[in-house]
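Structures incoming, each one as structure tokens.
Consider the two complexes below, in which chain A is the common component and chain B and chain C are the respective partners.
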Partner chain A sequence: MEKIRSSKIKKEKFQRLVGAAFSLFPLFLAANIFFILLLKAFPLLTFKSLPSLIFSSAWQPVKGQFGLWPFILGTFWVTITAFALAVPVSILTSIYIAEYAPDQLKKILVPVIDLLAGLPSVIYGMWGVLLIVPLVGKYLAPLFDTYSSGYSILAAGIVLAVMILPTIINVSVEVLNSVPMALKEAALSLGATRFEVVRYVVLKKALPGIVAACVLGLSRAFGETIAVLMVVGNVPEIPRSLFSPAYPLPALLANNYGEMMSIPGYESALNLAAFLLLLIVLSFNLLARWYLTKLNRRTG
Partner chain B sequence: MESRGRLSLKNLNVYYGKNHVLKNVNLEIPEKKITVIIGPSGCGKTTLLKCLNRLLDEGEEARVEGQIIVDGQDIYAPEIDVTLIRKKMGLLSQKPQVLPMSIYDNVAFGPRLFGLKHRPQLDQLVEKYLKLAGLWDEVKDRLHEPASRLSIGQQQRLCLARGLAVEPEIILGDEPTSALDPQSSRNVEQQLLRLKQDYTIVLVTHILRQARRLADYVAFLYLGELVEFGPASEIFSNPKDPRTMAYITGEIS
Partner chain C sequence: MKDKITSNPGPGLQRRKRVEFVFRALMLTSSLVVSLSLILILVSIIWKSLPALKLSMITRTPGSGYYLGKEGGILNAIIGSLQLTLGATLIALLIALPAVIYLNTYLRSKSFLAEAIRFALDVLWGIPSIVYGAFGFLVMLFFHLRASLLAGMITVALVELPILSRVMDETIRLVPAELKETAFSLGANRWQTTTRVVLRQVFPGLVTAVLIALGRGLGDAASVLFTAGYTDRLTTSLLQPVATLPLAIFFQLNSPFPEVQQRAYASAAVLTLLILLISLITRSLSRKLSRHKIY
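Moving on, here comes the complex of A and B:
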């Protein structure tokens, strides 16, 4: 009896140890990615200053010029465009689905949105090339009296917006559904209309969750690679308008990493670009987290 | 104006799909008294209460037949503005549902919906109804804190104040003390006893002792049927129906 018991305790100790080891693994992985990029980027930093790399817009690897500014700007332009298009649409859609849509419509809409969330991004890229690029080049740009090949920030923004819509909608609908019926009833029984309940109570209660949903979409938008590089034009210039082409960081990496690595400093420059992308996404997530805690503290 | 706050239910039937939850209920709820609806869980008490301010319209498919007359008006008549009906009744739910905003804004919520913006007037209302709900002294220095920071008993009294602020004639309570500790429960009960001078109160409870403490009239619901209705003293001392007898002696619960 005693023996069985002590072997059980040993077993449990062992299990706990293994569990701890595995749960530390993600931590190790994150640190590993961080340092490996930094390490690889370091050689370039020994003969160029960091600000001169980040803020210069001359990108001519053969001449040893590695200005990353156009790529950084391209990343922000595309992401912000997508975000600005996606957020209003997805919030309105999720409110409609959660609060107003009849059950039959919900039964069709929700699975379709799930399906869209799971499509491979290259499919979105092809859809963008086939539909959005010509749309922007032939119809939208002339409307604003400019020329555009169609391969542009706007095309990338639209494609990207469509890609992050399902994610934001799905999470927002979950959040809105989690607002207790009894709370809505409390507001209704004070004489509020359905719309007033949504406007003053449901949205307020759901705001932190909806912000989190948007951040999830934003993170995805920052990092999305294939679909964007297929429609964005990939020209390393400072973007002038939504109709200009751009060259976001992920596209730069995907297009060039592994090629022409013999050019001195090139690999190092690409690693620096990757590191910057990592920092951008990371800082947005931290910012969002800080904002969320603030929000939660305020409304409780 | 005759008898404000009088409720009568005529041939009320409620169905959830094929489920017949309330069966031909006829009930005259007297004004400015506390009427307590008792009965075992699942007997339709909450459904009955939610019919009274048409909350059944929201939520899942429920079909309501029959009439509910409030101040001479059938509240299920098609031309009725449902928000005005609901404004006539304050609702206290099982768990206090404070709105995600400050204490002040919770009380001011209803009046603001109906267009009151004048700040001094709102201040007055907030103070008046927090006092009426017996909460003013505890919160007067922190009116602009989130309501969620109040204790649960305070939250329920805040809900009472918020409900009173739309100037209802009727207070509906759906087991309003079931989530509260004994001290807070007693506090809410005391407020209700005080408020019956001015309001018609309809309470649902499954706590018989609470019903004895509060009720002027008692309605006993069993399996969707109104078995017995009458003055509390009669129902508790001399019930006519054997099922009522069985329930109040604890044989069925």
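Moving on, here comes the complex of A and C:
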């Protein structure tokens, strides 16, 4: 009996140790990604200052000029366009799903959003090439009296907007559903219309969570690669309008990362680009998640 | 008083009703836009793929002159994608399962370590897959590997790991404390409680998590771009490069030949079909398996 118990305890100890090792892996991995990219970006920083790399717009790797500003601006513009398009649509849709939609309609809308979330980015990119690029080039650009090949910030923004819809909608619906029924009933009993309930009660309670949901969508948009790469044109210049092409950071990485060995400093520059991208995405992402957890703790 | 309510329910009721109507119309339009985008995506891909959708597409590897529009199919990419994703999901599961069990068995949910691990997983989830691709490439060089099935599998496993762990973690956390306490009271230790009671209870959730990760891995192109390589042949060893569907689509679409572009559409249809299949299985499975849940 004693022997059995001691072997059981030993086994338990062993399992505990193995589990601990595995569960520390995410911490180890996150730290590793961060430091390895920084380390690999470092050689360039020893002979060029960080501001001169970030704010210079001269990108000529062969001449040793690695100005990342066009790429940073490109990332910024594409993401902001997508964000501006996606936010109103997704907030309205999530309010509809959470507060208005009859059950039958919900049964259609929820799977639709799940499917949108599951589609691979290369499919979105192909859709962009097939429909959105011609739409922008042939119909939207002439409307504003400009010429555009269609491969533009606007096209990338539209495609990206559809891609981040599910993220924002899913989180927003969850937040909206957590608003207590009693609050809504109280407002209704005072004679408020349903819109007034949404406007003065539900949104008041849920707005911080919805903002966090949007920021989460934003952080996804920053890092999206293949779909954007396929429709954005990839010209390393400072973009002038929504109809001009751009070259976001992820596209820069995707196009050049594999074959960067021969030119001195190139490897470092690309790793710096990856590190900057990581930094931008993570700061938005963590801000949103931290805020959502805080909200969760207060309500539940 | 009563009279007043029925005849004059309040100031500006007409206006308030109009606002309600406009708001409702806006919401319906938005929902319609969302649904229409999905329909447009699916219809345009199916429509475009129809001319190239032949059986040889999915039963043959690219022949000579395939990229000039001659005979062949994308069997290499289909098989390659399945090999890569299944392998990657297996690796991710082998890391995630012990980690999640440990997290929920031995650590208190508010302890510093548990919070730190969950935070790290959130961080990892937020990292874009292109950064994983870059990281995977650096690791690959460090170990003197070339672009291969193994390197691709490891990179995709890293992409899937946070998704898998967090979804499983959330399911396991929902198990009621009474269930665990019952097991403890019968003399089971923590390990037994977790593996024989808790995991059995949340099994449908775990399967769902695996399928979600699988779908994500199958469609991810950015992480395999530098790590998995590409080949026209079937991959038979871990150290050979491997073709994947997303990259097959990407490369064929960039071709100047219309026949090859059409095949890109057909490949996209195949990939979409696979993804739809996985999500359908997920849905029906989680419904079927949760029938025997206790609570």
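The criterion applied here is as follows: the second predicted complex is superposed on the first by the 259 of 300 C-alpha atoms of A that agree within 3 Å, B and C clash if a C-alpha of one lies under 4 Å from a C-alpha of the other, contacts with A are read in each partner's own complex, and residues count from 1 in each chain.
One rule holds for everything that comes next: a contact is a pair of C-beta atoms (placed from the backbone, for glycine too) under 8 Å apart; a residue touches a chain by one contact, two chains touch by 3 or more.
Keep in mind that what you see is a predicted model, and the values were worked out from it rather than measured.
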Simultaneous placement of chain C and chain B on chain A, clash or fit: fit
Superposed model, chain A: greater residue contact from chain B or chain C: C
Partner chain(s) touched by A:Ser189 [first = chain B, second = chain C, both, neither]: first
Which superposed partner A:Gly118 touches (first chain B, second chain C, both, neither): second
Touching partner for A:Met126 - first (chain B), second (chain C), both, neither: second
Following superposition on chain A: angle at chain A, chain B versus chain C, Cα, nearest 10°: 90
Partner chain in contact with A:Met181 - chain B first, chain C second, else both or neither: first
Which superposed partner A:Lys204 touches (first chain B, second chain C, both, neither): first
Partner chain(s) touched by A:Pro250 [first = chain B, second = chain C, both, neither]: second
Distance in angstrom between the closest Cα atoms of chain C and chain B, superposition on A: 5
Chain B/chain C common contact set on chain A: 191, 193-194, 196
Touching residues (chain side chain A, partner chain B) in the complex: 180-194, 196, 200-201, 204-205, 298-300
Chain A-facing residues of chain B, complex: 50, 53, 55, 58-59, 83-84, 86-87, 89-91, 93-95, 97, 99-101, 109-110, 113-114, 146-149, 159, 162-163, 166, 172
Parts of chain A lying in touch with chain C, wherever the complex brings them together: 8, 11-12, 15-16, 18-20, 22-27, 29-30, 32-33, 36-37, 40, 88-90, 92-93, 95-97, 100-101, 105, 108-109, 111-116, 118-127, 129-131, 162, 165, 169, 191, 193-196, 198, 219, 222-226, 230, 250, 253-254, 257-258, 270-271, 274, 277-278, 281-282, 285-286, 289
Chain C residues touching chain A - in the complex, by the definition given at the top: 9-10, 16-17, 19-20, 23-24, 26-31, 33-35, 37-38, 40-41, 44-45, 48, 95, 98-103, 105-107, 116-117, 120-124, 126-135, 137-139, 147, 158, 161-162, 165, 189-191, 215, 218-222, 225-226, 246, 249-250, 253, 264-265, 268, 271-272, 275-276, 278-279, 283
